[in-house]
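In this document, chain identifiers A, B, C and D correspond to the written order of the chains, with residue numbering beginning at 1 in each.
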Amino acid sequence: MIKTISMNECVSLIKPGMSIMVGGFMAVGTPEHIVNALVKSDVKDLTLICTDTATECNGVGKMVVNKQFSKIIASHIGLNRETGRQLTTGETDVQLVPQGTLAERIRAGGTGLGGFLTPTGIGTIVEEGKQIIEVNDNKYILELPLRADVALIYGSIVDKAGNVFIQKTTRNFNSIMALAADLVIVEATKLVEVGEIDPHLVMVPSTLVDYIVDMTVLEVE
Amino acid sequence: MSRNSELKEIIARRVAKELKDGYMVNLGIGLPTLVANYLPEDVDVLFQSENGMLGLGPAPEEGFEDKDISNAGGQPVTIVPGGMYFDSSYSFGLIRGGHVDVTVLGALEVDEKANIANWMIPGKMVPGMGGAMDLLVGAKKVIVAMLHTAKDRPKILKVCHLPLTAVGAVNMIITELCVFEYIDGKLTLIELINDSKLEEVRTKTEAEFIVKL
Amino acid sequence: MSRNSELKEIIARRVAKELKDGYMVNLGIGLPTLVANYLPEDVDVLFQSENGMLGLGPAPEEGFEDKDISNAGGQPVTIVPGGMYFDSSYSFGLIRGGHVDVTVLGALEVDEKANIANWMIPGKMVPGMGGAMDLLVGAKKVIVAMLHTAKDRPKILKVCHLPLTAVGAVNMIITELCVFEYIDGKLTLIELINDSKLEEVRTKTEAEFIVKL
Amino acid sequence: MIKTISMNECVSLIKPGMSIMVGGFMAVGTPEHIVNALVKSDVKDLTLICTDTATECNGVGKMVVNKQFSKIIASHIGLNRETGRQLTTGETDVQLVPQGTLAERIRAGGTGLGGFLTPTGIGTIVEEGKQIIEVNDNKYILELPLRADVALIYGSIVDKAGNVFIQKTTRNFNSIMALAADLVIVEATKLVEVGEIDPHLVMVPSTLVDYIVDMTVLEVE
């Protein structure tokens, strides 16, 4: 099974109206080349799920500046003024979610849970409109799972079957997002033969990855 | 060094004394980050960075940055021997699960009921809560490290006015003037620092507090 | 080869045809394990073992066992190139999350509503459900692979009598006589195998079924 | 901080009435030497949380034979007849939990969640006495977190600060149990200097580990 696709093919898979999860934390561990190609493609009306919107000139922040999102679900937008502006004017529907809750909602979406009870946000506006459940005299918010049409993830080393190793702090949301989307595309910084990644270091199994964009080839082109 | 920087250094030095050997510690962005510089020699702690590592080390020398190791502000950092990388769900599992012994955060407002507001000013600034709500709820001990007032207005209030980040979550407040602790749920002044006077603390604090110096 | 072993081989061969290239597959203990031996040459699947690995390989040669790599029965196995190790919460995350394309399990009873009972016989045998309940609920396709009858008594029933392992979870039943599929929620005979006759299937099946050969 | 303790010290920490989580799957990845020492110590009235009870002569199965548990929470007991016997006679309170639910309950206990919604067990006796919550027309069981007084875990390579690497399929429940107990003791098959384990391969951070039983020393003794 050949999973490598060109950047053009990758871009053609992202269509208006889709929801996309994008890995990365302040753009560290974001599949930056795919994001750049999406900026160029100018596809609009997307829903973004990403822990932050980076800055105006980094990661998904560039797509915010390019007004490609009609909805954004994130935990932090403070370092990208354009996101704040779009929130204030109402141009974009921005939903803020505590970061741990966001991670857990994505994990729940990817692992078949119907939701989970978290103490995070109790007594704050985060609990508004949500079911509160008491367990052993403690109050928890019932938070629901989150999934997306597409996950765009970053891979430090990817093998040709699609196994992914994501090094150091580039891992962040990438590995859990790979569980929670119908279509998973990985940007491979380095592509190796199957069997070259230590099975202890595989962070996304090959069967979850639909397509690989091989940057070693694209950078040569 | 500016006057403000001096005050922040005083606060950071005092916070550092709260960190004990073997602790897992999470430092917020800004003033709290300074705390790492004043850790006593004989105290070994591991700094947790919610973006995905334990064992946050000092910033690398210029030219030696590794773009794949960053802190929660996205700045290049290093990892110390005995550190660990993990994904965001594990990271917040550690945080929410009470495995972070101390977290140090800044605040816009703190009140008598240990409530804290530090994530938004309606109509003005909505950066998002990031990991703050989880840290406040999950860490074993929450230390608020901040300047005592903002533009001469008290920040330690009877009741927070801004949208809360967490309810009843704060354990200790350390400012350039003093240290407050919540003892049996009551805001208690336990220490004056930097030659400050009780009267000054009273003037600059709106909240009622018990004095146990 | 005993008569029973022959029948089990027939079942395993037929199940193997359901596995497609690129699938993640979990095989239960016993008969289902045999399926791995009959995989077509051109089909590449990864076997998931719920105790903590993807890419389960064949049993090692005697003397080459690695006590740290075992299957869900605790027997020594190997890992194929492109495999992965993980902890139990990730393992069942894969299972419950629908990432296992096919699971093959045995059963004591299956019924018209796709219910299955395979984890206990009250007062007689209570081994526990292990990972079966999660696999039945989570896998995209559930294939029950079993002998058509037990001591000449039907196992495919109108209604299960034993405590259920899962409700409405079965997609396909493969026995030494035939293949049933639940189509639009209705038990449907889609194939006779091993020269069996429709009449024989009718006799040995208590459940009502549609015939679409 | 010196965390290494002798086997005697380890055994003295486990007292009657305590709940213990023990890693391992059919005894693969069980801290077998600690278990052997506990059999010898004959400490009784323990609650066991372990995915299975192995066999009569393996892992925690030996402690079952020695009647050291008044309560057992497990997903599978079928290969240890003594557990089945104690269940049938009522000598031991045996609670059977689906394996994925057990893993998730332990993870919830270790990560501060108040519970989670799982589809596993719906329509079976597993749902008896539990709250059923409907989300988007699907029924889920609300399962609650599980914690223990002590976690006894296995380490393939442990550094002197307590960082743990658990190789191949020995990992199973070990790494999540380390999150969910008040006291965590690791049996170190190999002990190395701090910094010798790749930070990507640390599966339990040092700050979670209270004590290390160093088998390289004990085996020489």
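The working rule: a residue touches a chain if its C-beta (ideal position, glycine included) is under 8 Å from a C-beta of that chain, and two chains touch if they have at least 3 such contacts.
Note that this is a predicted model, so its numbers are computed, not measured.
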Most distant chain from subunit C, judged by the mean position of its C-alpha atoms: B
Chain centre separation in whole Å, for subunit D relative to subunit A (CA means): 33
Separation of mean Cα positions, subunit D and subunit C [Å, integer]: 28
For subunit B paired with subunit C, centre-to-centre distance based on mean C-alpha positions, whole Å: 54
Approximate Å spacing (C-alpha centroids) for the pair subunit A, subunit C: 34
Two or more partner chains touched - positions in subunit D: 104, 107, 112-113, 118-119, 167-168, 199-200
Residues of subunit C engaged with two or more neighbouring chains: 53, 79, 85, 92, 95-96, 137-138
Chain-chain contacts as defined at top: A-B, A-C, A-D, B-D, C-D
For the subunit A and subunit B complex, residues of the former touching the latter: 25-29, 51-52, 54, 74-79, 84, 87-88, 96, 98-104, 106-107, 118-126, 156, 167-176, 203
Residue numbers on subunit C that touch subunit A, as the complex places them: 21-24, 44, 46, 53-55, 79, 81-85, 92-99, 101, 137-138
Subunit C to subunit D touching residues, read off their complex: 49-53, 66-70, 72-74, 79, 85-89, 91-92, 95-96, 115, 125-134, 137-138, 163-168
For the subunit A and subunit C complex, residues of the former touching the latter: 1, 107, 110-113, 159, 161, 163, 179, 194-195, 199-200, 202, 205-208
Of all residues in subunit A, those that touch subunit D in their complex: 104, 108, 112-119, 133, 135, 138, 140, 142, 144, 167-168, 199-201
